[in-house]
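Note that subunit A is present in both complexes that follow, paired respectively with subunit B and with subunit C.
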Partner chain A sequence: MGNLKIGIPQALLYYEYFPLWKNFLESLGAEVIISGPTTKEILDLGVKSAISEICFPVKVFYGHVMSLKDRVDYLFIPRMVCVEKGAYFCPKFLGLPDMVKSSLSSLPPLIEPTIDIRKSATSFKNSFLAVGKLISNNSKKIYQSFYEAQKSFHLYLQSKENELNPEIININQQYSTKLLQNNMKNPLNIALLGHSYLVYDAFINLNLISKLKKTKINVLTAEMVRKQDIERKLKRLHKPIFWTLSKKIVGSAFYFLEKRIDGIIHLTSFECGEDSMIGELIRQESLKYPTVAYTEFVFDEHTGEAGIDTRTEAFLDMIIRRKRYESNHT
Partner chain B sequence: MAEFLGIDVGSISTNLALINEKGEVLHQVYLRTEGQPIEAIKKGMAEMKQNISLDSIQVRGVGTTGSGRVLAGTVVGADVVKNEITSQAIATLHINPQVRTIFEIGGQDSKIIILQNGIVVDFGMNTICAAGTGSFLDQQAYRLRIPIEEFGNYALQSTNPVRIAGRCTVFAESDMIHKQQLGYEKKDIIAGLCEALVRNYLNNVAKGKKICPPIFFQGGVASNSGIRKSFEKELGVKVTVPEYHKVMGAIGAALLAKEEIENTGKETSFRGFELVDKEYRTQGFECDGCPNHCEVVEIFIEDELIARWGDRCGKWSLTYSQVG
Partner chain C sequence: MKVTIPNLGNLASIAGKSLLSNLGHEVILPPSNTKRTLDLGVRYAPEYCCLPLKIVLGNFIEALEKGADTIIMVGGWGPCRFGYYAEIQRMILKSLGYKFEMIVLEVPRGNLIRILRYVNLLRNKQSLSSLINAGEIAWSKVVAIEELEKEALRIRPRENIKGETSRILKKGLSLIDNTNSIGEIERIKQQIIDDFNKIKVKKNKELIKVKLVGEFYVALEPFVNHNIEEKLGYLGVEVERGVSIKPWITSVFSLNFLKVGYQKEKNPIEKAANPYLPQSVGGEGQPTVGNVVLASEKGFDGAIQVVPFTCMPEIVAETVNKKVSEDLDFPVLTLIFDEQTGEEGLNTRLEAFIDLLKSKKYDRHLTARRLAS
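For the complex of A and B:
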């Protein structure tokens, strides 16, 4: 049964789980095909095919599904419900496979494992094993593939931390050694926080990361903060956040605020309910740290480059001029 | 003498300001962009040329700002190209270093800038919707057959403003029409509209910002005394409209050019007032190199290509579109 073509849309949870999915499916002999980075064509397809009330990121997802559907035997769209105690995915992820099936026609069959550890602690594993059976008859091989994929995924997550953590350590040193007095020569440390499908989709965020890097800015993201640090920072909230992805954003925002980096840009989607809640949480917390500049960029299909450039430029000017003022007055 | 020129190309208006070494405004020009930024710049330059004696003037630096700043910078040969927030703030602080809050409402966007100790510490801009900006007021003035310059005076005459829904311009317009059909007076509807715009501004653009006096109100809409009065009524403090409120962006750009030239000692790259007699031309094409189909624009002086942009990947770009 080899050489099954399984399509994975490069949107939404792709940015969280792709290495895990890919390793598992490929080690069982399937061919994984991704839709590739978002383009204008994909965005147009998504806006045209998705229901108009749905949020922008889901529209983008639709575009990726449309561009993949005629090239693959199966579409891989898991139903992610719950992967940790006390937190869930947004309801749109819960209904994603249904939404896609009910509103798009002539789709290939979907592989749609439900991952919900509330039902059973082994739900994560079991759903993968069930998927494996679609591709292979060899139970032992399926088991093996799952454990290996999971192991390498954990290594991947850690490597993201380890690789990037030195930069954070660097910030602390800069501050403690007062190198900042000569701040114009030092790179600025700016965190880009938001759902990974906004932060890492360069088409949607209009190349924000590379624009910042071009101006010698050290870009930090939530992936660089260790999970235990995120959990620790979240403890200060009166009521826990019950969205898995938002927890990461808020926890890392609090972490970066405490580290007193130069600025935080929160990237949000216009129609996103989670974002509108946590945006306010982060904004209120940021008021306690007047030296950390904070702003929010809102994205949707109408977002033009000019507006984002103006805001980015003004935000950086604000930080640079403030630092210049501070170094002249201390 | 050394003079510095600032040009602010916005969606609705194009403004120019010429300042001297002390930062005093020697001449200002305010005109409508009318969707033709290059023509507007040339017209503005021609008007300025007529009103100053070129022999006694030496432009040592040029700055551009506004949504058309990159185009303007390319056309005139600017030394500095800056965003509107920084330019507005620099101009305001130059006039009054004590100012803590700037309300700026222009043709298609509006902003709030929070200042402390003479530096910007926070800012906000309108997000998706342009509700409550100059274009909408223009449109309503036209619909009511009132010259936009008279709009404020009508509002000031009202003693009983009508409540208008200001959250969205489309709804505001239907609400206004509805109120007209019910027979309310024009002046009360206009005053109600001013109040709705101010409410909308304070609840959206200024949401979560700490507004401290002194407050400066600038941008084209600051000419509308009805809006200023509504701000004062809503906030309970004085709101100042500075003398050069319409050209503050241009003044800021000129001041930034002065700062740039003084810091670097560079010679200006200004193309000179002769550019008003030159033929500028733009042409565009859609790149078919990838599924993004970027619309690439080329700018020519006479027949020489001076800039090209609009592509995401950068393979066509001839000028660096600046961030920071």
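For the complex of A and C:
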């Protein structure tokens, strides 16, 4: 079938799954075209084509779809429903392909596999195999591509986990003043937590990661926390969380709080249903750890760089002042 | 144990109360929703959470102030926020220093000991048969309330003397509230329906018919939706509700095996939604779309969708409805509600929408007449 051009918007779950999607489609011989990092034009396109009440990240997604649609034969927009027992994606992911088709016209056909492991027909594997059949009629090759893509995906996830500095992993859970003093010389450890499409989209979060790194800050993310540690921390909740993406955010927030890193910034988007609830969970938990600074940055299409810069500086200043004070008084 | 439950139209204060007091509990209902309820909720709830959470939190605060010590709330397991409401409210109330127990009714998952304790607290040492009896009475009240409200929606736009329907409805509801026998509930219902039918109506009035769809709580709680059903009635619009508490009760308590009548109706709604939204997205998202499609087929003039600001399922539905409305040439008005929603703005939008429906209807008649001649 030659080189089928399949477009993947670089937004939303791209940041969770792209190695899997891309490797799978490419090894089947498709040409994968990614919309690329978010830009001002993309954002404007998205804001213009989505209804105004929808959450900011979905608007960004719309922009990416718009920028791709005339360049590809197919758009790859899976419907992610459920990938683990007892948890879902947010309703907007459940209806994502339908929303896109309803609001945007002259789209190329969508490849929209449903991933819902509660039914075997839509398990991860079966859904992917069905997608493979659209591209190739060699079922052996489809199988192989799927397993290889999955393998490389797990390696990718693991490599992320390995990025966590062993010192942090080994920090005793007990409060230790010695550690604080040591840390004064070391760079600050700050966790950026939130949906991966906020944390890793430098345009949306106004380059927060690279700005922090420039000031010699050790930036930590949820991907660096081992899955079993996240699950263990979540056990502490009075009621389990039923959103896959939020579980990761809350579990890693609890983890970093317990490790008493220097600070946590929770990146949230205005009008996000999940964030409004888990923000409260994390905020309340953070009150139990007075040495860990906690703040929340809310992003939408109007968030200005100057505002975020000022708030970041104030946050860092506060941490440094607090640490000075504490090391002088111990 | 002094128990309380959140307000929800006439349902909680009549049927919910009946269930609990028949189980021998002292029931302390929150005061009716007022500006104060809303203000309390807004002050203490997370800023960006959806409106129902805030108002229900306000209910709980006001009920605790009145002396309640046990809160009964409904739970769930996603994918929309509702399933986590109780948990967030519990945390907030605790952090405000209130002493209370919260009983969350939901399909158990995990912590079985906690669930058993809840069940025992609720059951209050009553025998199984009195438990069933209490349940049956409450259920009959739910059925009667919904049926009378539905009838009122049909009569109100036709009434000659403004307010007649609402007056009779109110009388009926208070009679239902004060009885405790299933036979009596049935009799009151019949009598009120008869009374409705005796109301003097305007002759030959061709009415605009509108389907009311959207998020469950906002659709059913008049304080929040500024009495939208009555307003529409007085504008001469016959309203049909797209939401009902019945399927909701059965799903929350996993009573689906009861095979209550509505279930036969449920599938057509999903089926109608299918070409546009084949996936359930939690809350009323998919039914909202399905109901709009069905309403257009059944000769309604338009639909009104009520949405709490940032509501996840309804925003999916709103997006999809844009397309439905375009494809079927069927007007849908989406109304977003938050703590700032003012009555005047709402009135203006409703009137404009109804005017649009009227002129559309008029045009259709003209074309029909022209075709006929």
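Note that in this section the second predicted complex is superposed on the first by the 310 of 330 C-alpha atoms of A that agree within 3 Å, B and C clash if a C-alpha of one lies under 4 Å from a C-alpha of the other, contacts with A are read in each partner's own complex, and residues count from 1 in each chain.
Definition applied: a residue touches a chain if its C-beta (ideal position, glycine included) is under 8 Å from a C-beta of that chain, and two chains touch if they have at least 3 such contacts.
Note that the coordinates shown come from a computational prediction; the quantities given were computed from them, not determined experimentally.
For the composite obtained by superposing both complexes on subunit A, the positions of subunit B and subunit C are free of clash and fit together.
Contacts of A:R321 after superposition on the shared chain: subunit B is touched, whereas subunit C is not. Once the two complexes are laid over each other on the shared chain, residue contacts for A:M99 go to subunit C alone; subunit B is not touched.
By the touch criterion defined above, A:F270 reaches both subunit B and subunit C. Once the two complexes are laid over each other on the shared chain, residue contacts for A:I51 go to subunit C alone; subunit B is not touched. Once chain A of one complex is fitted onto chain A of the other, the partner contacts of A:F242 are limited to subunit C, with no touch recorded for subunit B. Once chain A of one complex is fitted onto chain A of the other, the partner contacts of A:L157 are absent, as it touches neither subunit B nor subunit C. When the shared chain is aligned, no partner comes close enough to touch A:I117: not subunit B, not subunit C. For the combined arrangement built by superposing the two complexes, subunit A sits at the apex of an angle of 80 degrees to subunit B and subunit C, based on C-alpha centres and given in steps of 10.
Of the two partner chains, neither subunit B nor subunit C is touched by A:L234.
With the two structures overlaid on their shared chain A, subunit B and subunit C come no closer than 5 Å at the level of C-alpha atoms. Common to the subunit B and subunit C contact sets on subunit A are residues 270, 298.
Residues of subunit A that touch subunit C in their complex: 50-51, 53-55, 79, 81, 86-92, 94-95, 98-99, 101-103, 114, 238-243, 268, 270-277, 279-281, 284, 298.
For subunit B in complex with subunit A, the residues that touch the partner chain are 67, 82-86, 117-123, 125, 127-128, 208, 290-294, 312, 321-324.
Put simply, subunit C touches subunit A in their complex at residues 46-50, 75, 77-81, 83-84, 86-88, 90-92, 95, 104, 109-110, 276-283, 285, 307, 309-313, 315-316, 318-324, 336. Partner subunit B is touched in their complex by these residues of subunit A: 39-42, 203, 207, 211-212, 214-215, 270, 283, 290, 293, 295, 298, 300, 302, 306-307, 309-318, 320-322, 325.
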